[in-house]
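In the two complexes below, subunit A is the common chain; its partner is subunit B in one and subunit C in the other.
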Partner chain A sequence: MLFNSIEFFVFLPIVFGLYWLVGGKRIKEQNLLIAIASYVFYGWWDWRFLSLILFSTIVDYSIGIALGKNEKPNKRKVLLWISICVNLGFLGFFKYYNFFVDSLIDSFSFFGSELSINTLNIILPVGISFYTFQTLSYTIDVYNKRLEPTKNFVGFMAFVSFFPQLVAGPIERATNLLPQFSKERSFNYVNAVDGLRQVLWGLFKKIVIADNCAKYANIIFNNHTEYNGSTLLLGAFFFAFQIYGDFSGYSDIAIGISRLFGFNLKRNFAFPYFSRDIAEFWRRWHISLSSWFRDYLYIPLGGSRGGTKMKIRNTFIIFIVSGFWHGANWTFIIWGALNAIYFLPLLLTNKNRLNTDLVAEGKYFASLKEFGQMAFTFFITLIAWVFFRADNVSHAFSYLSRTFNTSLFSGFEIFPNTILSLILFFIMVEWLGRSGEYAIEKIDFLNKSLRWAFYMLLIILMFSFTGEEQQFIYFQF
Partner chain B sequence: MKTFLKNIVLFFVLAILIGEVVVRLTHAVVDIPQRTIDENGIQKYFPNQEGFWKGGNHKWVINEMGWAGELPKSYDKLVMVIGDSFIENFMNPEECHQSIFLKSHMPNNNFLEAARAGVSFLEAMEIDRQIDSLKPDHTLIYLNDKDFYESVYDIEPLGDIMQVNLNTKKINYGILKAPRIKKVLYNWKLLYYFYNRFPLNQNTNKQIKDKKKDIEKYELKIKEKAFQLVDYVIENYEIKNKTLVFHPHSNKEIIEKCKSSGFNVIALDSSKDSTWTFEHDSHWTCYGHKKAAEQVFKELKKYISN
Partner chain C sequence: MKKFLKKLGVFLLLFIALNLVVDYIYNSAAHEAIENKTHKNYLKWTDIHQNKNSYDLVIMGASRAYYAFNPDIIDASLNINSYNMGTSAQDIVESYYSLKEIFEYQNPKYVVLDLFFPLSDNVHDYSQIFSNAYFFNSNKTKFELIVEGYGGSGIANYILPVVKFNNYIKQDLMGLFKEREAIKPETNWIKGHLHDTVTVTKWKIELFEPIPNFRNTTFDKKRFATYFNKIKALIESHNSKLICVRVPYPPSRLELSGHDDEHEYYSNFMKSVEIPFFDLNTYKKETYYYIDQDFADYHHPNYRGAIKASKQLVEAIKQNKL
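Presenting the complex of A and B:
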């Protein structure tokens, strides 16, 4: 079920109504309702994969209980590895099996020998990368004694399958989300209104910005040999806003819906295109994944504590694994490696935490220097997005080589005024609202009628500029 | 919770009202004229209506006879132009109608259009019969393959379209489907906008595939029934001074069957031309209408004295 579908428009009020009808003090019933609603939500795509989530839930719940009862380090380690193997085993099989087989066959043929292993016709379960990482975080935190194992199976089931963020995050830490399933939840007017506002902004990002950008990004990327350099650069620009609008839009909707049900999810995006360097960009982009890798991979590997070699190794590992998490394709690996290359100079010169504050805080305009830094950071991420969007590595290189030649200085062959005006409007709203959790969070300075007029404007824009309905990009990851 | 729900309801009511105003002001949906059924069982529009096409760039008008377009100044040397939504032509301004283009080629003749979306071949013949009182010199009936198939009850019963049951030789007059709901839908513009934007009965790929299979399966049956329909029309209607104008890419066998049965036939050809149709609409653009009229004129002048 898509957030931007009619089915969801019917589903959400029903679940919301039943949820608060049950009452805030009856946590068990509310959790059960969330679990059932989440399974319906997920089963709407393909009910067969519900068994996968259920199995993963049972395994991690049981291992959590076992870890709570066991103090022997070796036994605890075995239990942890069982959880890692089961979760990553499913992920590896569904997501990476064919990639490894193809790569193995290619490697053998490179050395002149033939290998015959058949690839499988595997359907990737929607959101598997997200809920796998979420359940893993639980087991690892219980193993590290950062979290008490839960004995509430229904609550745990609801935590794993929590429908607002099940298929495309934010990837929630068990330490943040799981305890919320054991607490009494009462309806909070301010929270609910704020949640709805965030949902509205998320829908705007998805429907108006992402879906309309997708149209032009697809045309330009799919026919890149027919366009000049400036148009190809514009194509990458459209993709940059497509992926941002799509993914951060989903996160906003997920966080907003969770607030309607009395839950607080972690922030996933913090205006990444206003970053002054790539390190800041990565602190602001897909925060839940970056911090997951930081806490569960980068720091256990030694982080940036060791020598230069170790720093370089760890940086490359975390970025390449992050790229590979997005999909079984060399393009994602190169995308990750390219970001590591961008990031390393800052890390090695200890300048990776120069920009931790808000750009031009309290001001309407950034300084020329800040503007230049933001433009440069955006430009290098644009180049990296080409690898992310391209069908394969040769497509990406061909795209870039056709972009950066003399035709870069010729006129645009495609220049949709309407969508570019909408992007400009979007950037302006995001810039003005960058001190909030999301762009229109602090709209309360307007009086009620003006606020409502603004919401109406967003709704009218949504219906007037509905692009072709596109599935959320991150569902495939 | 009460305040929250109250505000939600209030916001929705306001949103609906503002949405209605916006849709009306921007003409986001086409105005649909109200229909009726006359004493002969023919679906027509209520006379003297007018409205805007989508975008509001031009108006359509329903004349006092209940058909789209202006009436001619005189009924002398009258040529009737009968057809479906192509001839009704709400999507183009008045100056792009077949009658206007034909009149520019044949200024001594007068042209009257009698067209409505969904008119089948059989209904076109019925309209022609009823309009005979105007004593036209000639009648042009614009058709495509679908108009033949939709005329035959035996192929697929369609309640809102006039059809003939070829087994019983009985005509089933079309009825207005859910007229009250439609009246609400067409007047509540915002609702109609959503209805168009997010259709409830979108065909899935599987349904489309099944339908294609069905079409292949029934192709032979359809052709046979279309031939029987032509025979039925020949037996039951006057075909003298009637010319059938076939849309480009129409079924050649049906065209030949009509020719051999005694109809004058004009087969339009758009193959040597840039596209006649809109980008997201299979209807003809103003250019398509102009080209169609040029081809019709070339043939028509053979049949009537100018």
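Presenting the complex of A and C:
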């Protein structure tokens, strides 16, 4: 079920109504309702894969209980590895099996011998990378004694399958979300209104910005040999806004809906395109994944505590794994490696935490220096996005080589005024609202009529500029 | 909670009010045209409903079809009674349900279906679709068109004017920033055919873009095949004959286009389902040679083009003994 589908607009009010009808004091019943609703939500796509979520839930719940009862380090380690193997085993099979088989066959043929292994016609279960990481975080935190194992199976089931963030995040830590399933939830007017507002903004990002940018990004990327350099650069620009609108839009909707149900999810995007360097960009882009890798991979590997070699190794590992998490394709690995290359000079010169504050805080305009830094960061991100979007590595290199030649300075062959005006409007709203959790959080400075007129404007724009409905990009991850 | 629901209610009321305003703005002209008996779809469906079992040949398709085929020329040459039931932005699903309605009142010997990729893409002009279905007498067919034909999206578009008229609102919003072209009144109708005397200007010819292909449209092969087979079965069940055509494009546009995906796809598809298909861009090209001046714009033949296209259709039926 897509957030921007009609089915969801029927599903959400029903679940919302039943949830608060049950009442905040009947936690068990509310959790059960969330679990059932989440399974319906997921099963709408393909009910067969519900068994995977259920299995993952049972395994991690049982291992959590066993870890709580067991103090012997060796036994605890075995239990942890069972959880890691089961979870990553599913992920590896569904997401990476064919990639490894193909790569193995290619390697053998490179050395002149043939290998005969059949690839499988595997459907990738939607959201598997997200809920796998979420359940893994639970087991690791219980193992590290950062969290008490839960004995509430229904609550745990609801935590794993919580429908607002089940298929595309934010990847919630058990330490943040799981305790919320044991607490009494009361309806909070301010939270609910704020949640709805965030949902509205998320839908605008997805429907107006992402889906319309997708149309042009697809045309240009799919026929890149027919366009000049400037148009190809514009194609990458469209993709940059497609992926941002798509993914951050989903996160806004997920966070907003959760607030309607009395839950607080972690922020996932913090205006990443206003970053002054790549380190800042990675603190602002897909925060839940970056911090997951930081806490469960980078720091256990030694982080940036060791010598230069170790820093370089760990940086490459974390970025490449992050790229690989997105998909079984060499393009994602190169995308990760490229970001590591961007990041390393800052890390090695200790300048990676130079820009931790908000750009041009309290001002309407950025300084020329800040503007230049933002433009440069956006530009190098754009180049990396080409690898992310390309069908394969040679497509990406061909795209870039056709972009950066003399035709870069010729006129655009495609220049959709309307969509570019909408992007400009979007950037302006995001810039003005960059001190909030999301762009229109602090819209209360407008009086009620202006505020409502703005909401109506967003709704009209959504209905008028509905692009061709695209699935959320991150569903495939 | 009460305060929240109250506010949500007020917001919904405002949204309903917005829909009513949009409905009033964009539907009032249509209601007026129906009252004055000048609404093109009203006139077409009235002819179909009132002249029971009188049409031997019915033409289906989008505006390209109702511009291209003049029933007077067809009737004079074949000695039959034909009618052009092409409607604006008619897509393959709409063609199927329109035919269901037509067969309730008519028993044509031939059904001519004009094909081009936008006939089955993922972009639907719901205001045109519902403006056509509005005149169906059968509520069952109307219901099936909305629910089965277009699913949830069809229902939402039917209920919410802001969704249904989104293209028009968009055009008007964009029109705030640029000069709009005057819309010429369409008054010269001949048995469902629009007799258009406008000729495309040189300036507009320079703005021509390639014809529809797999790259510049979202042509949905599966959707096309599903509904084409339904149309075929429906026509065969009424012992009628289906003839498929492709209305010509201005030659300057064809020159821009390179590989002709439409021609190749439809030729192969029709061969596989054994349905006669005549691409009027190429059929008897030596006799019916089109020039840009045979068109009113980038894809609608004017009265000169319509004479050629109608004669081509007649010749195709005669020569192939259909």
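Operating definition for what follows: the second predicted complex is superposed on the first by the 477 of 477 C-alpha atoms of A that agree within 3 Å, B and C clash if a C-alpha of one lies under 4 Å from a C-alpha of the other, contacts with A are read in each partner's own complex, and residues count from 1 in each chain.
Everything below uses one rule, namely that a contact is a pair of C-beta atoms (placed from the backbone, for glycine too) under 8 Å apart; a residue touches a chain by one contact, two chains touch by 3 or more.
The structure presented is a predicted model; accordingly, all values stated were derived computationally and were not measured.
**Student:** Could you classify subunit B and subunit C on subunit A, in the superposed arrangement, as clash or fit?
**Tutor:** Partners clash after overlay.
**Student:** Between subunit B (first) and subunit C (second), which, if any, makes contact with A:401: first, second, both or neither?
**Tutor:** Touch status of A:401: no partner.
**Student:** Is A:466 in contact with subunit B, with subunit C, with both, or with neither (first, second, both, neither)?
**Tutor:** So A:466 meets both subunit B and subunit C here.
**Student:** First (subunit B), second (subunit C), both or neither: which does A:192 touch?
**Tutor:** So A:192 meets both subunit B and subunit C here.
**Student:** Is A:418 touching anything from subunit B or subunit C once the two structures are fitted on A? First, second, both or neither.
**Tutor:** A:418: touches subunit C, not subunit B.
**Student:** Which holds for A:107: it touches subunit B only (first), subunit C only (second), both, or neither?
**Tutor:** In the superposed model, A:107 contacts neither subunit B nor subunit C.
**Student:** What's your read, subunit B or subunit C touching more residues of subunit A?
**Tutor:** Comparing subunit B with subunit C, the partner touching more subunit A residues is C.
**Student:** Just checking: does A:6 make contact with subunit B only, subunit C only, both, or neither of them? Give me first, second, both or neither.
**Tutor:** both
**Student:** Taking the superposition on A as described, I'd like to know which of subunit B and subunit C A:219 touches: first, second, both or neither.
**Tutor:** A:219: touches subunit C, not subunit B.
**Student:** Can you give me the overlap between the subunit B contact set and the subunit C contact set on subunit A?
**Tutor:** 6, 20, 187, 189, 192-193, 452, 455-456, 459-460, 463-464, 466
**Student:** Spell out the part of subunit B that touches subunit A in their complex, as residue ranges.
**Tutor:** For subunit B paired with subunit A, touching residues are 1, 3-4, 7, 11, 14-15, 18-19, 22, 28, 193, 197-198.
**Student:** Subunit C touches which residues of subunit A in the complex?
**Tutor:** For this pair, the touching residues of subunit A are 5-7, 20, 187, 189, 192-193, 196, 219, 222-223, 418, 452, 455-456, 459-460, 463-466, 468.
**Student:** Under the touch definition given earlier, write down the residues of subunit A that touch subunit B in their complex.
**Tutor:** Residue list for subunit A touching subunit B: 6, 20, 187, 189, 192-193, 452, 455-456, 459-460, 463-464, 466.
**Student:** Note which residues of subunit C are touching subunit A in the complex, please.
**Tutor:** Its residues touching subunit A are 1, 3-4, 7-8, 11, 14-15, 18, 122-123, 152-153, 155-156, 160, 162-163, 166-167, 169-170, 173-174, 215-216, 218.
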